[in-house]
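Heads up, the next two complexes both have chain A, just with different partners, chain B and then chain C.
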Partner chain A sequence: MRYLIRRTLHAVFLLLGVSLLTFLFSALTPGNYFDEMRLNPQISPETVAALRAQYQLDRPLPVRYARWLNAAVHGQLGFSFAYNSPVAPLLWIRARNTLFLTVTATLLAWLLALPLGVWSAARFGRLPDRVISWTTASLLVIPDLVLALGLLILAVRTGWFPTGGLLSVGFDELSALQKLGDLARHMALPVVALVLATLPMLVRHVRASVAEVLDAPFLRAALGHGIPYPKLLYRYALRAAANPLLSLFGFSIGTLLSGSLLVEVVMSWPGLGPLLLESILARDLYVVIGGVLLSMIFLVGGNLFADFLLYWADPRIRTAASAK
Partner chain B sequence: MRKDRPSLRRRCFTLSLLLACASTYALPVKAFPHPQQSNTKEELLALPGEIGRSGGRLIVPLRSEPKTLNPLIAADSSSREVIGAMQADLVHINRATQLTEAALVKSWKISADGLQYTLTLRQGLRFSDGHPLDADDVLFTFRVYLDENVHATQRDLLIVGGKPIAVRKVDAQTLVFQFAKPYGVEERLFDGFAILPRHLLEKPYQEGRLGQLWAPSTPPGEWAGLGPFRLKEYIPGQKLVLERNPYYWKTDAKGNRLPYLEELVFLFVPSADAQVLRFQSGETDIITRLGAENFSALGRQQRGYTMADAGPGLEYNFLFFNLNDLGEKSSADLARKQKWFRDVKFRQAVSAAIDRDAIVRLVYQGRGAALWGPVTPGNRRWVNAAIPHTPRSLDRARTLLKEAGFSWSTVPDGDSALLDPDGKPVEFSILTSSSNADRTKMATLLQDDLKQLGLRVQVVPLEFRSLLDRVTQTKEYDSCLLGLASFDADPNSDLNVWLSNGATHLWNPSQSHPATPWEAEIDRLMEQQLSTPGFDQRKRLYDRVQEILAEDQPMIFLASPDILVGAKNSIANFRPAVLEPYALWNVEQLYFRNSRENASR
Partner chain C sequence: MTRPPKPTKWLVVLLLLHGIVAAAGFFAPYDPIEQDRERPYFPPMRIHLIDAHGHLHLRPFFYPLRLREGSFDRYEEDTATTIQLRFLASGARYRLLGVVPARLHLFGTAGSRIYLLGSDAYGRDQLSRILYGGQVSLLAGLLGAGVTLLLGALIGVAAGYFGGWRDELLMRLAELFLALPWLYLLFALRAFLPLAVSPLEAFLLVVVVIGMVGWARPARLVRGVVLSAKERDFVRAARGFGASNLYLLQRHILPETASVVLTQAAILVPQFVLAEMTLSFLGLGVPEPTSSWGNLLATLQQYNVLVSYWWMYLPALAIVPFFLGYLSLASALQERASPYKIEEKTNWNLS
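Up next is the complex of A and B:
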């Protein structure tokens, strides 16, 4: 229990540190949201100054941070200059779309990676293993951006998939089945882009972990006792190899909000990516901080979850923790 | 078989998960109650032109989401474009002719001394929620625009001669606007001031909540306007759907009430390239703000759409030097460079060395116009055609530099380097926005042009807001390549660029006294044209301003890009203009030629 409390406290301090640093870096970056108004000949400097004062940009940095922290503790993440509205609902609506995309892609990637990795490990050094190794290595060196652009070219050339967005404009007029088809068609390319981007890393980790365990004496003994090979692989070897994979799974959860930002921007997915990019360029300070903090919460939460899973799955950690 | 069961269960689970998600996104459509159409007293405005057919849904991409539907605080171009289709003004500038025409008012009269404008509203007009429009709405509108606590972005336009315009109601249809000084802009002033519904906004205004109202997520029932379309649905991150305003006050020549389109959908597509892809694949109907490269790419493979070049717009790109008087804050290096920058012959020499035609050819692929003054050829009424279009001349540039005391030395690698009168090499940097590929290319071309004069130039692409911070706040820069796009064809839209006390007098802003005699002369001419009635007299004064700017070169004008747009062939009445909104300025007249396309949308 003390182990879990300690990990949770670490997570809270980490979040505090990240919020402070993000606030500091964002606030110290040259330029602010209202600078572009200065270039509008029809808006006077007095009007710009009044707007700055209205959003309290003229206050000292520590005061602004303290006010923001106080609001954040109460569940409000500040106010967007551009949207003239609270940040939390802005982020949440888009985070929902991001999660919808990334949860689907992550689940799919893990569902593919586990059998592929185990299969590859079982044929370690042979042709199927080498083919998988080469394919995953090739996918690893292709940047996400190129993958996404390649898929977009496919969409434009063939017309099989829409080139962006979440739903068609006439979505409301479709039947339930057509709605499902429309959503699936819109999701297909971003999901494929994300799966292709994450799959190689997962496959290689699963392969390495399982291959390492397969040499263990207890598995050789189990094989000698006549346990069927597939059962041996999936029930015993995979379980024994789970330790690093659980940490990796926690990391996968951590990247649910931030891992798809680039793909979202390229494929016009209405998630956090386009909003954060726009906010960073426009210096919409609190939206940026809110977005980073949300991603951090997922990262910290994901790691925490992985720690809990490890604690549950690995008796060595439990005994080490209780010995302390 | 045992293996199949869990996988089938998993498949069913995935299917139901997807169905649940799909139904989550199928948000209910909220609409206004159907209007009562009969109103015999309506004084509608009949538009000439091609008669169209009703129905259809037009899908237009927007680079970013509209931040607000509140015309008082809208500052970004997406919000302004959307609001333009939802609101109406008293007098409107026709984007094709660039002249004013009656809109919500049927007539206006200006007193002989130019101080009093009497406007008469059309009778029987209604807001999009069916509520009648009268003079009280107009009074309320200008009261809130002028209220300092509201922070309306257009407030400064209503301050004439240092005093706010006074508005008085004569009767339910008549209003008098009183000016402290005659105003040369005359009735153009009223363009862009959306008339607001007092019945919806007065209470929030009194409670001090007006600035927070009318976010895009506002329920349609709490929003009303006088434009051709009204709010129907907003899905954050995805789209804003507008529907036909059944109370709109314009008809076609046959008396059919406009607009023709049933729905106008703004789809949020965050990047220029993504917009091209979606237009190409038929997911959007119109595309605007195209770069020359994308325009050519789309033009090469036309599939059911037509690309149109409306000619040079009002954007002018220019190079300017740091002429700020920084006093002790100035570094020794900048102070040394400012000696050259302040010498008009140095600026003229730089200007003479620039190959503007090459900029148009290489940056805009020929779809633009070279500039020698601030007014682009697209601004037909105000451009001074007498300003000479001097071709590039390195000889003239060298002569000017020699006259200013500069000389050349041969450096070890064989190139000659320009030396200032103190014998030091002439080097400076050009700041430019890293997010604007066209301007970065322009800066590189300038670097190459000036190298041939022996001038060493470093191009420094900076993120746009960091660049603005350097130019407007810290003033730590040598020179900068920027562009400005005039809001209107009238010179007053750029008043603060040319007045020496203006905040956008970029090379030396907010001066307490004009730093140079020519800036004092520009101040005098601009002030004079501001209060001079009549186009011809104002044009003479503004022509002189253009001449001074072309002679003294505080900004070295470079080029102006064409307005490049595209539309599906099935869209009729599509007549792009060089003033914003380029393609949607006559959205009420746009219609789909093909009735099958109408039905399918």
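Up next is the complex of A and C:
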């Protein structure tokens, strides 16, 4: 139990550190959202000063940070200057769209990676393994920007998939089934891009860790006892190889909000990525901080989740932790 | 398994690739910013050896393009005239490696311009722009990696060698930087620097920004090496003989970190080239008219370009051989360092 508490405390400190760091970065930024207003002769300097005071941009940094932190604990993430609305609801909608995409892609990637990796490890060095290794290696050398743009070109030239957005025009008039179909058609392209970007790394890790345990004496013994090979692979070998994979799974969960940023921007998916980019360019301070923090909560949460999973799955960690 | 790949092989491949980009002036037929407003969005042209009448020509030639009838942006070959390709021809002035003035090009034409990879909205040659753009992107990647490794090695050595509260503080900071996704970090750093700058300033900005992002991982690795190196018997002995910290670091400790730093370099350079591409693609990096691999791709954000002019995508593919070279080099180096644990450490993922 001590182990879990220590990990949780560590996560909380990490989050605090990140929020402090983003605040510092934003304070170092030359200029803010209201600077452009100053150039506008129709807006008096007093108005700008009043606006700055209203949003408390004139207060010193520690005061602002303390107030923001206090509000954040209560679920308020500040106010967006550009959207003239609280940040939290703004982020929620975008985060939901991002999660639509990434949860689907992550599930798909893992569902594909596990059998492919195990298969590859079971046929280590033979034809299926070589084919899989070659494919993953060649996918690895294609950066996701290149991949996403390539898929986009493909979609445009074939006309099979819509090239951006979340829903078609006239979505409300469709039947429930058609609505689902429309959403799926819009999701197809970004999901494929994300799956292709993450799959090779996952397959390689599954393959490496399963191949390592397949040599272990206890698995040879199990084989000698006449346990059927598929059962041996999935029931015993995969379980024994789970340790690094669980950490990786936690990492996958952690990157749900941050991993798809570029793909979202390229495919104009209305998720967190485009919002973040937009608000960085507009110096919309609290949206940036809120967005970064939200994805950090996921990242830290994902790692914490992995720690819990490891604790649950691996007796060695349990005993090592309680022995301390 | 197959026999381990040799680092030297990939080093040679990489040297060749970089050589081509470094000597862009020679391999590129035209000046990358020379416009030809009469020839916007020309598709890639084909080189022929056999003409429309079935005659074989000894010199490769091409047909100039003309507008297809009833169209305003579709071209077809005009087979009435042939234009010969001339090899090692003299053409636009350039400076080889930025120093030596020269006019010699690998190939050129007399008369009509040839666009092997098509032309862009202003009739600039895509091939030349890709080659020159590579100089910007690769240099940004190399310098960025240099800055990062220097920073990482300094911090790693400081943390590992001096230990105590400094170690604690630096490593907590490194954890923080590792936790932040690199793209966010890139944006955050870029965001606090001015938006409108000249190409050279923008380039230096990009280098500094991407250089600041990745120091945490090399710092932790270097720290690990230093920690084990400073407990070696010969180091203890040297210390016992009264060697100074500076001497110990120079003579015994820093050489031990070389292998880790080299491997990290091979991993970081392509990552940083990609970072430059991403920044410039999003309009946060090197601006026009200077070309870089990232801002060449930025035109693809316009829907009509995406639909009609597929060859504008070709710059994206330029990075692939470099990626292949660097990543293979990195895994070969890692394999040489520890032949048994390959997969675990080859984290090719870029997050």
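The rule is short, and it goes like this: the second predicted complex is superposed on the first by the 314 of 324 C-alpha atoms of A that agree within 3 Å, B and C clash if a C-alpha of one lies under 4 Å from a C-alpha of the other, contacts with A are read in each partner's own complex, and residues count from 1 in each chain.
Just so we're on the same page, contacts are C-beta pairs under 8 Å (C-beta built on N, C-alpha and C of every residue); 3 or more make two chains touch, one makes a residue touch a chain.
Please read all numbers here as calculations on a predicted model, not as lab measurements.
Bringing the complexes onto one copy of chain A puts chain B in a clash with chain C.
Within the superposed three-chain model, A:Leu51 lies in touch with chain B and out of touch with chain C [touch as defined at top].
In the superposed model, A:Val265 lies in contact with both chain B and chain C. Applying the stated contact rule after C-alpha superposition, one finds that A:Arg204 touches chain C and leaves chain B untouched. Of the two partner chains placed by the overlay, chain B and chain C both lie in contact with A:Leu281. Residue contacts after overlaying the shared chain place A:Pro41 against chain B, while chain C stays out of touching range. By the touch criterion defined above, A:Arg94 reaches chain B but does not reach chain C. Residue contacts after overlaying the shared chain place A:Ser295 against chain C, while chain B stays out of touching range. Applying the stated contact rule after C-alpha superposition, one finds that A:Leu152 touches each of chain B and chain C. In this superposition on chain A, the options for chain C are 188-196, 242-250, 260-268 or 314-322, and chain B clashes with just 188-196. Across the superposed pair, chain B and chain C both touch chain A at residues 29-30, 152, 156, 163, 265, 277, 281, 283.
The touching residues of chain A, counted against chain C in their complex, run 14, 17-18, 21-22, 25-26, 28-30, 124-125, 140-146, 149-150, 152-153, 156-157, 163, 198, 200-201, 204-205, 207-208, 244, 255, 258-259, 261-262, 265, 276-277, 280-281, 283, 288, 292, 295-296, 299-300. Residue ranges on chain B touching chain A, taken from their complex, read 15, 18-19, 21-23, 25-27, 29, 57, 59, 64, 67-68, 73, 75-76, 148, 151, 153-157, 211-212, 215, 235-239, 265, 267-271, 274, 277-278, 280-281, 283, 435, 463-470, 472-474, 482, 484, 487, 493-497, 502-504, 510, 601. Those residues of chain A whose C-beta lies close enough to touch chain B in the complex are 29-32, 35-45, 47, 50-51, 54, 82-85, 90, 93-94, 97, 100, 152, 155-156, 159, 162-167, 169-172, 176, 179-180, 182-184, 265-268, 270-271, 274-275, 277-278, 281-283.
Partner chain A is touched in their complex by these residues of chain C: 1, 172, 175-176, 179-181, 183-184, 187-195, 274, 277-278, 281-282, 297, 300, 303, 306-307, 310, 313, 316-317, 319-320, 323-324, 327, 342-344, 346-351.
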